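First chain written, first letter: the chains are A, B, C and D, and each begins at residue 1.
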Amino acid sequence: MNARIQPRFCREFHPVGTRVAVGDTVFGGMAVQVIAGPCAVESTGQIHQAAQAVARAGATALRGGAYKPRTSPYSFQGLGPDGIDLLADAGAAAGLPVVTEVMAVADIARVRARADVLQVGARNMQNQPLLRALGQQRTPVLLKRGMCATLDELLWAAEYVLAGGNDQVMLCLRGIRTFGTHTRNTLDIGAIPVLKAQTHLPVLVDPSHAAGKRELVPALARAAVAAGADGLIVEVHPDPDQALSDGRQSLCPGGFASMMQELSTVAQAVGRTLG
Amino acid sequence: MNARIQPRFCREFHPVGTRVAVGDTVFGGMAVQVIAGPCAVESTGQIHQAAQAVARAGATALRGGAYKPRTSPYSFQGLGPDGIDLLADAGAAAGLPVVTEVMAVADIARVRARADVLQVGARNMQNQPLLRALGQQRTPVLLKRGMCATLDELLWAAEYVLAGGNDQVMLCLRGIRTFGTHTRNTLDIGAIPVLKAQTHLPVLVDPSHAAGKRELVPALARAAVAAGADGLIVEVHPDPDQALSDGRQSLCPGGFASMMQELSTVAQAVGRTLG
Amino acid sequence: MNARIQPRFCREFHPVGTRVAVGDTVFGGMAVQVIAGPCAVESTGQIHQAAQAVARAGATALRGGAYKPRTSPYSFQGLGPDGIDLLADAGAAAGLPVVTEVMAVADIARVRARADVLQVGARNMQNQPLLRALGQQRTPVLLKRGMCATLDELLWAAEYVLAGGNDQVMLCLRGIRTFGTHTRNTLDIGAIPVLKAQTHLPVLVDPSHAAGKRELVPALARAAVAAGADGLIVEVHPDPDQALSDGRQSLCPGGFASMMQELSTVAQAVGRTLG
Amino acid sequence: MNARIQPRFCREFHPVGTRVAVGDTVFGGMAVQVIAGPCAVESTGQIHQAAQAVARAGATALRGGAYKPRTSPYSFQGLGPDGIDLLADAGAAAGLPVVTEVMAVADIARVRARADVLQVGARNMQNQPLLRALGQQRTPVLLKRGMCATLDELLWAAEYVLAGGNDQVMLCLRGIRTFGTHTRNTLDIGAIPVLKAQTHLPVLVDPSHAAGKRELVPALARAAVAAGADGLIVEVHPDPDQALSDGRQSLCPGGFASMMQELSTVAQAVGRTLG
């Protein structure tokens, strides 16, 4: 690396924390924001039910995948462009901005036409052509940490977006791969304070992919808020047992509502608010 | 393993959470207990100052090592029997029970004559002759998870103590070894809810060894309490920069007092009290 | 995954080992093939010198990067299309087919016009749009294992290419990320016999990225051949100390020639030949 | 650590490789020595059959556990003192020195009365009272690397023995714990050349515990010899499917004999001999 260039992700470059505004939702401020919704958009009914439920419980953005990176090419790959439309309609009806993954440069234009935040998944954290292309547009980006990426690698991946002039980048921790098997991944809770010291970018946590089992999600979510996370992204499905993907780690609407009440108390305990 | 023997660590074996009473301090109840003190007992003045400071800030037990497992045989190895006496005297003066490590079967009798809780360090988690010997006496045991031990291995290590008839066992998480280097170890926060579901034994967390840097300790401590830990064990030194070991991760008395105030609020947010 | 579809990577699907012919070089047969050359194509002189040197020492293909996935966007990113031309010219002059990385769907046509094997790097192992696009053409693909990918994930990534009808896929191990720091990555030598049992695809090893230090490369290369690898891909630079990337792990021509002699003996010891 | 003390494990301290002579078997010389035998001594017949079989196939020492560190206290724990006697008798009858594990300081005297090499298992690598006690006697020690120990920690553990004056220490790699599950542990093959450069102590490899499955043992054993190991320790059982422990990773006598022939060829390819 060229030691003479100070990277844009550094706190020294931008001492005040970056705020990313998405509609009425501001990430990186005093409020801890919760993005919630299903792993994948499956149908009009499913995404509308999910959107209404998470809005009612206090979520301030809706998630839902239309382009799904699946281990097998024969698994359900998402609804594609139709899924983006269903998601955007459901978000609008519930008054929530929407967050969705983009996997290919060729899809960016279509996705950003309707989505408020473009997510880069863990598998694509170092897909540099994709990151560069996202730097050339101005929709906010939610960049997930790769399963074995160091924090330096995560920050330098963000730099690929920032270097293009898009300064609306949020980082998201979702668990790392270790020898442990009692959770799907190991939530690296210590990365939160380390990142908050090194960068001005908002730091979110995905407790669902870390946990892998819905009964563990609330404890991880509370821990993330207590450790200083600026937001969460949580999988919620109207009927988790029927989900086409990630059902085991998805909360039902009732479980999500309970968790939000707990989180509100924890957020206050650390001097913040929820949503 | 013999599938017909139900291990004593299982919640099914003992549905109500085990409470370990050490003087007035009860681990495993509604109160989150904080054990604090220096890595090693270094001198009369140092351990008395530490004991007074942590007691004033609300700690309910005093820690301090007299037998230190060091990577190099040429490093400071602790004061041995004299250290145990200094620790016990300082605890008595401050009104705190004391917790200290025991590394060898031959030292158990001497250590338990003056200590209230016998700690088994991460390096000795599967030192089975030591565990068996601790099962033959009745002083409570604090068993730390090995750096790459699975939760099953931790629970079965506890079984070596329980099988001997000593049911006063507490588990302690202190971070696992992963590819990450931004913290000394990776605090496996998800292990807290998993263990609480599987076992009736109290679950403590050592945020100091996980963090490796004192500025990260409060965030990890808050996360542990939010995730459901029954207690913490924290390194505090009257003058961390002069500590003979682990100074970088030791809080000063003022930093510890601030942290305790934060933790008290977080404990209440999850329906518990501190100390 | 759909349990009814038998994946094409399985040995059951194709009991005889797949042979990938690239000019006169056949991967997956009795001969252990060695691909060698610099990390990056830097100049006409550099790549011609490298090509001549590795051909003389017995390599049967030339490697060299023109599109480089670098951690920082400000590091040297490769010569792009010009690099591809320089590489192809140097390979032709030395009588060697050429292997080079492709990072973006948009670059595939241009790269395959001049390259004999298209490499997918570890960071892109699960870049599924790229894998699908490579499945739609017929140039052989060298797919590197991601730094924390399981073998199942590697095989299913290959399936994305195979499913499109391109059955010329080779797998390449290059070390996994663990707690160890004495090598750049940990060469997972046990993955070789496991993959050879599960799949008919050729299995190569990159000892250079595993080692991270040139003095360790020969021992890892010997081990890989002894364990059953079908080939190696090795970094060789005419003047490693002046390399623009990966110099520390690049062999000089003399070191490479010595290693090839050792490897020839080891290949014979396990019933194979070199090149 | 005290920077002024040069540790005894360093090559600088002792530039010529240490040779450990055990009867006619010399570890650390040109010959690659193979220690073989069952995980545990189970009966007179079993250990005699194993001893005869491994001797016939070219092994130069007999292994067998009498004190077994098991995850559960209810699993078979070994025959204890009787097992030591059976092992020593079987070794004498087959003309082989014997290697066995010692877990407790209290057992050292009894075990060394009949065993030729005292093994310290991975779980006890940092059991410092045990290491110190082994430093006070003169029987050779085989020290296994802990499952997540760094090479520095392994070398400093050896220093605990060396510092006492026992310079007959051999190191043994047996796989590290990573995210991988296709082998029981991940054989860190790169540690062999790194250790050989840093220390004068012989470096052995245990392919059985690394593999976890007998069909993978020969490939790992060949790789270890090719990478420069000074010896191997291999599990062989007369009837693996009836073994009381580790049967899945134990070779049968015929499989061991075949492997020894392959290893002999590989040893010659790297300029050494077998046994």
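By our rule, a residue touches a chain if its C-beta (ideal position, glycine included) is under 8 Å from a C-beta of that chain, and two chains touch if they have at least 3 such contacts.
Keep in mind that this is a model prediction, so the values were computed, not measured.
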Worksheet entry | Relative to chain A, chain with the most remote C-alpha centre | D
Fill in: Selected pair, greater C-beta contact count between C-D and B-C
C-D
Response to the item:
Whole-angstrom distance, CA centroid of chain B to CA centroid of chain D, is 34
Worksheet, complete the sentence: Cα centroid separation, chain B vs chain C, in Å, comes to 48
Worksheet entry | Inter-chain centre distance, chain C versus chain D - centres from mean C-alpha coordinates, in Å | 35
Worksheet, complete the sentence: chain C residues touching 2+ other chains are 148, 177-179
Discussion item. Quick check: in the complex, which residue numbers of chain B touch chain C?
Written reply: 148, 177-179
Worksheet entry | Residue ranges of chain A in contact with chain B within the complex | 148, 150-151, 176, 178-183, 186-194, 197, 210-211, 215-216, 219-220, 222-228, 262, 265-266, 268-270
Fill in: Complex interface listing, chain D residues touching chain B
1-2, 5, 7, 69-75, 103-106, 123-124, 126-129, 132, 147-148, 152-153, 156, 159-160, 163, 177
